[in-house]
Each structure stands twice: as C-alpha cells, then as structure tokens.
Amino acid sequence: MTAPLLEVRDLSVTLARGGDELPVLDKVSFDIAPGEVLGVVGESGAGKSMAGVAIIDLLVPPLRRSGGTITLGGERLDLLTPRQMRRVRGKRIGFVFQDPMTSLNPVLTIGRQLTDTMRRHLPLSRNEARERAIAWLTRTGLPNPARVFAAAPHELSGGQRQRVVIALALCAEPDLVIADEPTTALDVSVQAHMLQLLRDLHEETGTAMMLITHDLGVIAKMADRVAVFYAGRLIETARTEMLIARPLHPYTAGLMQATPALDAAGVMRVKAIPGSMPGLGATPPGCAFHPRCNRSRDLCRQVTPPLADAGGHAAACHFPLRQEVA
Amino acid sequence: MSAGDVLILNEVSKAYDGRVSMLDRLFGRKAKSLQAVREVSFSIRKGEVMGLVGESGCGKSTIARIAAGLMAPTGGEIGHPGRLRQQMIFQDPFSSLNPRWRVHDIVAEPIRTHGLRPKQEVSARVAELLTQVGLSEADGAKFPQAFSGGQRQRISIARALAGEPDFLILDEPTSALDVSVQAQILDLLRDLQARLNLTSLFITHNLPVVRLMADRIGVVYLGELVELAPTSAIFEHPRHPYTRLLIDAAPDLDAEDRSLHPIPGELPDPSDPPSGCVFRTRCLFATDRCASERPKLRKIGPGEVRCHYDLDLTGRELVA
Amino acid sequence: MKSFLEALRGQPGPIAATAFILLLVLYAFTVPLFTADPFSMAGMSILDAFTPPLWMDGGQTAMPLGADDQGRNLLTAMAYGLRTSIMVGVISVVIGLVLGGALGLISGFVGGRTDALIMRLADVQLAYPALLLAMVIDAIATAVLGRGRSNEMAIAIVIVSIGIAFWVQYARTIRSSVMIERNQEYVAAARVTGRSNTAILVKHILPNVMAPVLVIATINLGIAIITEATLSFLGIGIPATYPSLGSLIRNGNAYLQSGEWWISLWPCLVLVVLVVAVNVLGDHLRDHFNPKIRGRS
C-alpha cells in the first residue's frame, strides 16, 4: 500500500454560539491516496463541506478547528502559519466551489485570473503563463479559448464559468483538488459535461480529488472510495462499488432507498427515512442516527459506535446490516 | 376537449418584450423579444397527475404560472370548464410562506378567502390539515422561521389542501430539499394523491421524481413541448431524441457502469432560437428538413412528439 | 418590543441613549403637570428677568439654571419647549411616514406610470433642501391663512411642513422593499388563492416592509427636531411667544453679546443631547436590523 497523500486524523470543528462550542465536525479521520477520488456524501448540515474548508484552513469565525491533525505529503498542514498556508492553497490543493459566479473575481478577465494564479505558484514568464492559460482553457473544452481568455466572467454562461473554475483549480498542478458540490448548481445536461471534464482532467494530471456532493449518482460515477457523513461524524467508508452494493450502516442504506429509483420489478420506488437529522448542538447521546433507525437498541442510545474496519469497509454501527445478510 | 378535462392549454405562448432604455432607443437599438413559451398545447384530465420536465430556463415554470393564472399568455388560450379552485405549491420553502404570519393563519387563509368553513370550525379544520401533513396542532402557533425546509413544504401542502382545490400546481416542490426529506415529501404527496384523487400539474427537472409521481409527462425544451406521452412510454419508448438524452444524462446509482452521457452541444440563446426544429443544433439525427421546417406536435403511439421522423430510440446507448 | 429589547442587549451606547431619551421625555411631560406655563402671565415674573444660574452672583435656588429676559424659570421653560419639540418631531415623522409609506406602497406595487409619476415627484422634491421646502410650505400657508394666526395653527403648519418635507425617504425605502416582496412566492400563493390586490398589499406585503422604515423614522426624528428648532430660530416656525427649544434659543441669542449666555446655552445643550441620543439609537437599530451588516444566522 502506498502512503496516503492526505491524512486527516480526529479533525474537529466547532461553532461558537452564545458561549457554547457546538460540534460541527466530531473527530473525523480519513485518507486520500495519491491519484484517488474520494467521494464525500451527506445531507446539508452533515459537515461534509466543513471538512473540505477545514483542510484548506478557510474556516471563518464563529467556526474554528478545535482539534485533529491534517497531513499532506508528510507535512502537517494544521501547524502552518497563515502565510505558509496561502502557499499551499492553489499550489498544492486546488478548490472548486459550488457557485462559479462567486469564486471568480467579477472585475478581472478570465485570462488575468488564470495567469495570476499560475505565476503565484509556478516560475513562469508572462508569455509562458499566457500560453498555458490558453492551453488550459482549450483542455476544458471551451469554444474559442482566446476569446474566453479576454472575457470577463459575466460574459460567459454558467456552464462555461464552471469550466473556468475547474481550470483555475487545476492550473497550478496541485496534488489534491477539493471540489465542493461542483455540479449542484447546474442542469443535468451541463452536469454530465462537467463530470466528464473532471474525470478527463483527473486522468490526465493524476491529481487526487475530494469530491463533496449530496448526489449519490455523482458518487457512483466518479468516486473510487466513499465517505458518508451524518451529523458531523464519518459513519461509513468503503470502495464505491462495495458501499453501493452492500451498505453496512442503516443510514447509508436509507439514503440510497430515499433516492427514487427502479426496483427489481421495474417499478419506481422511494422509501423515506423517518424524522430528520439532528440540528447543531442537538446530537443525541450514543449513535447520532438511533432516533431514526428501526434497528436501534439500548446500546445504540448509550454508546457512540466507533468506525469499525472490516476488510476495507468501515462503518460506525453496533448492528451493521451485513450481519443480518450473512 | 373531453368532458373529463380540468384544464386545457391551446397553443399557449408567452413572449417577453425586451426592455430598451430611452438612450438605446435614440441610438436605434431594437428591443430583443424572448419567446419563453411557444405554442404549447395539452390538457389535464380529472384525477390525473401531469408532469412537465425540462432544464432550467426551458419555460416549464412559465407554463405553470400561466396555468395558475399568475401570468397572462401572449398567445393562445387556456380554458377550464366550470369554476376552478386552484392552489399552488412552490419550490422555495423559505419565500413561499409569509414570515410575519403564524402557521395557523397561513393555512387558514384559503379557507377564509373562499368561506369554505363556518368561522368557528376554521381552527379545527386547520388542526386537521396540520395533522394530515405530519405536523401537530401546536405548530399552528409558531412562525414559519421555526421550521426546517421539509416542514415548511408540509405547511405549504397543508395550505394548498385547505383550499380544497380542483386543480393543484406543484412547481419543483422538492428541488430545494435533501434526498431523505425529499423522499418524505414525495411519500406524503403520493399518499394524499391516492386519498384525495387530486388533479395536478407537477413540474420538475428531476426525471426519477417525475417518473415516480406523474401519470403522463410532457418534455419541454427551449419553450416548446417536444414530447408528451404516458410515463411508461416516455421512459421505455422515448420518441424524441431530447427525451432520450435527458433520461440518460442524469447519473444513476450503478457504480459498475461508470459511463457518463452528456447531451452534446450547448443550449442555444433563447432570444435567438434555431430555425425549424429547436433541438436540431444538438440532435444526432438532424437533416436539412429540420432546419427549414418546424415540426408539428403529432400523434405517435400513445403519445405525441414534435419531430419529423419516427425514430426508434429504445435501447441503452445513444451515441453519434 | 421584544425585538427592540433584543437589539439593545449588551450595547452600552444605545442603552445610554435610550436612558437619556426616556429621561428627557419624563422631564418634558411631567414638569408641566405641576408648574405654571412660563409663557402665560402666571408663569413669568418680570422682576426675575436675567436671573443668572445658581452658582453665579444673584442666582436663586428656585431658578437653578437662571431665567430669561421675561423672568421665565429656564428649568421650567425648557420642559415646555422640549415637550413642543418632541411632539412636533414625532407627529411630523408620523405624517411623513404615512404619506411616504402610502405613496411608496402604491409606487412599488402598481409600478408602471403611477410609479414613474410618484418617483419623478420625489426626484423634484429632493432637488430642494428639506429646510427650504418647509419654509416654502410655511410661507404658502401663511399667505393662504393670513398673518393673524394662533399659536396652535402655527405649530400645525410647522408639523405638516416638516412631515411633507421628509416623505421621499420613506416612499423610496418602502417602494424598493415592496418591489422585492411582491415577487416573493408567498405573494404568488395568496394570488392563486384568490386574494385581492388590496388584501395582498395590506395583509401580506405591508408587515414585511415596515421594519426598515421604522428605523429610518427613528433617525429622521432627530432631523425633524433639528428642523423645527431651525425654523423657530429663524422666526418662521413656532412664534417666540410659544415655548419650543428653537424659540428659546432664538430668544436667548439676542442676549449672548451682553453676557446672558445661559438663556440660549441650556436649550442648546438639551437639543444636542436629545438629537445625539436619538441618532445613536437610530444608527444602532439600522445596523441591527440590516441583514447585510448583521450577517446570516
């Protein structure tokens, strides 16, 4: 086994509210291998975006990182000064945000933003940077890259802007790209284009990717491995095919059944999970999912289940689903 | 038009006149008009759930607003036999409830407006409705801000049911919700549909959702209805290339087959749509005829399609 | 009320401002209850004219702040003046709010030509300073009603002049809020239900657009009080024979050169404290209720 590129151990994030420190992320640990795509899935408020933002140290008060270690290629990111961290962002970790409009500077041309980013991190002359920028725009499949180079963000369509954002995240050749809901704001047809582009660029550059999404379909198509978040905790992780074919955690299984899909008889089915995810600071004792789980027993109400690894498939559940099947 | 029709749209169009400032007019610039909806015809039968699917900006929400009477069409006509009591459920669970009103008053508004119950029975009716959508009577005293997105959508549903509608319009009612909450709302809507035999128009961009909810589906592209057929026919034997591509474009849960199916090309500028068939710029089967002649919505099998050709699009892959 | 208290929590500046305002209001409305009106024959004693403040030679315990040229006890006279100023301020703000609010609601909701007409009117009015406008309205009223008017009439004219002079700001704020609210889906829902335009405007939209204008009203209260004082000082507002902070200051102004500084200094101080307190509170409320500054939560 190769050494992981990114090692996150016991990462905790809290939100200060009225003198209390509410847990947003509760001791989350995961790895990303070089060149691997880790899909991070969960519903809004589960903490999945927080994990991405915490890694690049962009949390803003009242949010703060309250514990844990983050290691990228052997270097402890959590010990870096803000100044050192700025060199990591963009250069070693690229970021793709959900909203392409807010992640582009509206008053600078696309070309300026690309060349600035590259020259900040790579030893390039002005002309080299320009050539590379146009090459990147061509690679993202934008029609007429020279025109896009000179264009302002508002002159492009939503899909085109998202392509530019992806080029921006990748142009300094980072080891890791964190993509936070990169296709959520887009229509189905544009979404498929964007996933195709991410996949192509991932294969070309060999960069590792942390793909944060609420869409299990996107996970199924894109991720090598999946991490499922619930109420600020990582509750299940496994290779994608394994997790989708045989989820161990009742929440993961419930999430899949809640996605409308055809059953074996070719009939559309949807099955809701009763109740709702606990809000911030309202996490119940024991397993956070127990009030909504039809398998919960006394143990679940009292003891928080640890993430137990069984042959590369780990789930934080006292009574995982496979036991019943076996 | 048959006796069982609740709503009929006949060649309904909606054009927006582009706004031109005084200064621009001085320089001889002309207003760019935008055809948001073009000659859309369909009817909804009593007790039926009609679905409309399409991508953002295709005009499906405009059709919903015209059907709801919130907007007047610029061409064609809408007809409903007899007097029609309508209600609508909106996409945004935050802006669709007045933040200064208590839930009780929100749900009671249609009852009071139409005088559906004597004054002293309104409270009991509101309590009954709140229970019916999975909330409690005590929730009536709270303001909408006290509820989550899913609960707010339940309040919207209770308000719509309070009006005892002959016809219900749902505009992306679950698009703003998380998957597990969406499933709860879809469950609730299906349950109510079965019990109350509602007639409704269900608008969404989500194909699995519309497949679950609708009896019949209309597919909208660039302001035009390109295909209209019973749900099973749309998914099993799509007749329009756009329908086929749209079905394939959404990633499913199959992690073994990782192929992606983007729809080729980009959406044309809606203010300058292609001549002839609006889809021809992205269609794999387009011919010269498609550029010169606009196809009519014609009957084929159990449905209707706006395409010159009888294409067989059954089967998994659609590649160039 | 609850949200007002909520807005003040842990904010020493605005709390102090509120305390000052309450204190001044208490002073203005209780003193007249057990003293004779210093502007009536019973309230002045010409023998005490120009009595200096207590700590100076010739000061009297009964008149700790001194007396003016007519022998009015300044401590009492200022309470009467302050009462007038507060009433003029509040009523004129209410008039401006109702007038501007109604025009803003109609402008934002109806749109089109009605909107254009009202907004152009507002533009024209904004080309003139509010003070000048109040002076013009006052002059017109005087021309129409004649010079021989009573004090009450003069006050009413001042109130209406100031009210009209300030409607634009309310109208513009309400109009822009209405334009946002009318496109909210709860309005569409009410429309589908079959509510009339009037019902939608009054029951649905109005409650949602009031918060920002109430904040503006607080800030304008300070400006209205200043405007009244200025008009009275210039001698075209409240006559010198009737108490207001402005007329007291004007009265004392004549004696500043001759050393009787106290006659205009005390009312000036009261005016400054009142207006600063109102502004501090208004500014704070504006920031507190402005979602952009406050951030999402």
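Each chain carries a letter (A, B and C) given by its place in the written order, and its residues are counted from 1.
We take it that a residue touches a chain if its C-beta (ideal position, glycine included) is under 8 Å from a C-beta of that chain, and two chains touch if they have at least 3 such contacts.
In this text, all values refer to a predicted model and were calculated from it rather than measured experimentally.
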{"item": "Pairwise touch network: line, ring, star, complete, or other", "value": "line"}
{"item": "Per Cα centroids, the chain farthest from chain C", "value": "A"}
{"item": "Whole-Å separation of chain centres (CA-atom averages), chain B against chain C", "value": "52"}
{"item": "Centroid spacing, where centroids are CA-atom means, of chain A and chain B in whole angstrom", "value": "31"}
{"item": "Separation of mean Cα positions, chain C and chain A [Å, integer]", "value": "56"}
{"item": "Chain B - residues contacting chain A, complex", "value": "55-56, 148, 150, 178-184, 186-187, 205-209, 211-212, 245-246, 249-256, 258, 260-263, 266-267"}
{"item": "Touching residues on chain A, where the partner in the complex is chain B", "value": "43-44, 157, 159, 187-189, 191-193, 195-196, 199, 214-218, 220-222, 240-241, 244-245, 254-261, 268-274, 276-277"}
{"item": "Touching residues on chain C, where the partner in the complex is chain B", "value": "184-186, 188-195, 204, 207-208"}
{"item": "Chain C-facing residues of chain B, complex", "value": "65, 68-70, 86-88, 90-92, 95-101, 109-110, 113-114, 156, 159, 163, 169"}
